[in-house]
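All chains are identified by letter, namely A, B, C and D, in their written order; residue positions are counted from 1 within each chain.
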């Protein structure tokens, strides 16, 4: 079993190296998008799927991560030049690190914020939790828009050094995947699932459900922050308007489609959603033969995407993988 | 006395569910709580386990007062429970359900599990072994990898009790353990309860309707009616007590 | 892998020698999503320009590949890569929003593919980029037009309305303030709106209390129309002046009578369209859409035209470097929106107009030269 | 701030709050019965406004256009349930949520493809757009009509819920679908009724919205829908009266923030949510709500 895992890991790494150097930038960028949204969705699935806390805040954590990394890797001169609305705050000018510490910092800041948020957030349950977290995602974005001294407001940041590439995004999604599985297959992961299945019963087993939820929330936030940092460096530009709840919805679609609570399913979901929207572009170009090819219905792609989404949900009610992992299926196969 | 309830009163929005209740459970006893539906038995359980905070009175467990102690901490002090309507973790296997009970006996931190440090493996191995031993005692070791929701009712009940035992309790609260079981299952269950009681040195407080079961199992019973204590003593005496009979008749009439 | 591409490329090369070539221009626009209005109006103008001319001097035909990015940065960046690496376009036109153009610019720069944005006015879009050019003027110029026009026409005090969600609005507001105060004007207040808002009663009450000479509205038309309506309803008498973001027919349709007298700086005006290019565009636009022209469409048409002009100057119109060099060297291009010169930063230097809503129509007031 | 400005702002708050309330009722009714956050509800409001617009464009008088819009919204709501929710009654709740988002995306993009994303001017008859001047206070007629209509509708809804057979069925359905089935009531018809009522209210809310702020576009329902949902939660989701209270509170908060703290105008949307979060911290189930998850055992 261990050998198989190591083999899979090395194949994945070899593929990343090959892809980065040999595939065309378009294919690489699709892989990058899949990897980044995969990272975000994997971590989102921990709190939403594994711990069963239906929360809607990842756009906020992604935003935080993106801004922290961007501000850390942008050189001071560039910041002075860029902050058009107000001069940047001294701390913004002073902060500067290389890429890896910046990513880690993104994760840490997001995780610390998650810790602070967990106190109010986990006072409520169910759909109330959903709206409170939705609110937090909203508030973070609005702050990004208005704290011009720190974020340059709606103008956003650009010329962010493009340190990220497929090796980074691919490497980090592998790390995220392993960490998530390690969490799930530990007493903490079991406790998270217990909280999801029956919170009162989990308490009756002596589990401090607040802390278990907070662990899941912080871990989730950490990787969402890192993913945000990667996104910032990959796009080289960020602005508050890219972190709306539509981002959260996109992640939600990925995890539910793949199977809530299943990390393997999430990877499939990320491929389907991120690859699928690209693939569906042919719909926008159905008039190719006439030379001018936006077709009669530009935007049809998104109509079809939403129909496919509904159909897929109707047929795979618990998502593609349910809440099982690929490894579970192996296990069952062996028996 | 391992458990003592003193002057317990519980009110919900003006309605008195439990009225000035006093009783104690001796170490090693099987103590039964009986009474018609709505008598306040489960409420009493919820007070002992810290899910409800009583309006008045104190709960003393092992010479320590329990007021203000959170439900999950009460478990760590040695009180475990089962639920009236079996509440297993439905998405998990039987083994995983029991492992949840061993949560606090696995000593590794969150980071150790993320990094898969040696302590993670050694502790997981240890609790898995212990969980299997426990399942064997209940005769359901072969079901370890089965999903808990696909078990028969009787086996689900066993898993729930095994899971509670995994927390290493000194006092076990069983809420209608025999409910919904056929006579042979009930028989099986009472044997197991007696076995584990001696083996683990447990004290058991149980709620039950099945009077035959109570008679067979309990050293002592307390009869509740509308939150009031109407009888405490030997089960064989309870069934001939006038008040008790009246209370049960009333219950039947209502039903 | 590489071998196959080489073979494919050589096959394509042989094929291209015998026929008139097809030259591809990629277009990235927000056809869906929150910016759909801008993407769709750009696309409308583009269609007119394409219909008018899609053949190069050497006989090659131009093919447009229009991709929708939902107004999303990730999609915009991916779309550019798709255009460059999958469709092998020679040049790229787009996007509308500066924030999206900024996500596309580094991709084009890296792939050494000329990118021309027709409507992104944030100065940073072209900054430091050799392959990114724009067909419109930048925020500071527009802010200055508004400030100077307002001050010169006797409005010495102003309230600025900023849309905190739009980088465009924030940029123009800042430029307006700078230019206005430099002239001696006084900013008596500043109110903030958020695009998507519909209720501005609170803001207009604040404006009313400040009694400004003029209200500088730097956002977009959906908010402008509603705000001016609500402002007039509560009795704000001061005129409004805005930027190209408000110059849409919907300002009048939605604003109704309240929109009367709303002034704004813009890229072009039908009435001022005297050149044959502009006249032809306006005529074709009216014939096809039966509505007034707008600057988004006109700018897109100009962007397309500039790319075509640059291609025509190259022996091989698919030579990206050559096309880019010529695009950056554009001088005196006679477009729909006027004469366009590209300066060394890649920004368009061109005149702007000030227009006003008069009798339910947009009317030309004046032309402002840079 | 003088008294007339103050009164002015209060009136504005009532008007805005009424519209949120109308849309919030739809959320709360559907939630009460299906435990589903119907993310497509805001888009049904958009459908209502658009149909009214299109009907008027086709020469149909405003009043008739309104009726058509209400019918169209009801049909859309019922179809949404039939296509996307009904097949998933026994599936995990979150799957329904995804189909709800799917329907929402579908409606937005369909209208974008069909009618374009450029906002359109919504016209209304003069009697609705009149403005009354009274003692320095300027009151658009809509500001009076909207709250009045909202209150009338609220009383009708409450009457239906509390006094009619179907209403009582709706309320009992909120507790337990199987039980209602045992009672011999066709749960599907009741659920259909709920979607019909909710969608009709959304259409009315959408038309009011379009009359007050006469510009409509395919995405107009997104933010309004989200805020109405927040209002429903604030009031205690599942409670009709709560939805109305929540709507008013949210409307007032928004107006007050911008009116009295103009510098914080950029934070307006944040305030609505900060307020919501604060309320939930002290009352985790909203102002009028009960904990539906827990009250089940």
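Before moving on, here are some points about what is shown:
Assume a residue touches a chain if its C-beta (ideal position, glycine included) is under 8 Å from a C-beta of that chain, and two chains touch if they have at least 3 such contacts.
Everything quoted here is computed from the prediction, not taken from an experiment.
Touching subunit A and subunit C at once are the following chains: D.
Relative to the centroid of all protein Cα atoms, the closest per-chain Cα centroid is that of A. Taking the mean Cα position of each chain as its centre, B sits at the greatest distance from subunit A.
Subunit B and subunit D have Cα centroids separated by 47 Å.
Note: centroid distance subunit A to subunit B, computed from Cα atoms, is 42 Å. Between subunit B and subunit C, the centres computed from C-alpha atoms are 72 Å apart. Averaging C-alpha coordinates per chain places the centre of subunit C 36 Å away from that of subunit D. Residue positions 31-32, 36, 40, 164 of subunit C each touch two or more of the other chains.
Contacts with at least two other chains are made by no residue of subunit B. Counting partners per residue, subunit A has 145-146, 298-299, 302 as the residues that reach two or more other chains.
By the definition of touch given earlier, these chain pairs are in contact: A-B, A-C, A-D, C-D. For subunit A in complex with subunit B, the touching residues are 179, 182-183, 186-191, 193-194, 196-198, 200-209, 215, 261, 323, 335. Across the complex, subunit A is touched by residues 49, 51, 70-73, 75-76, 80-81, 83, 87-92, 96, 99-104, 106, 108, 110, 113-116, 120, 123-124, 127, 145, 163-164, 166-167 of subunit B. By the touch criterion stated above, subunit D contacts subunit A in their complex at residues 31, 35, 37, 83-84, 87-88, 91-92, 94-95, 97-99, 101-106, 109-110, 112-113, 226, 229-230, 233, 237, 266-267, 269-270, 273-274, 276-277, 280-281, 284-286, 291-294. Only residues 1, 5, 8-9, 12, 16, 109, 112, 116-122, 131, 138, 140, 209, 212-215, 217-219, 223, 254-259, 262-263, 265-266, 268-269 of subunit D touch subunit C when the two sit together in their complex. Residues of subunit C touching subunit A in their complex: 1-2, 31-32, 36, 40, 43, 47, 50, 54, 61, 63-68, 70, 72-75, 77-78, 81-82, 84-86, 98-99, 102-103, 105-107, 110-111, 122, 124, 127-128, 163-167, 169-171, 174.
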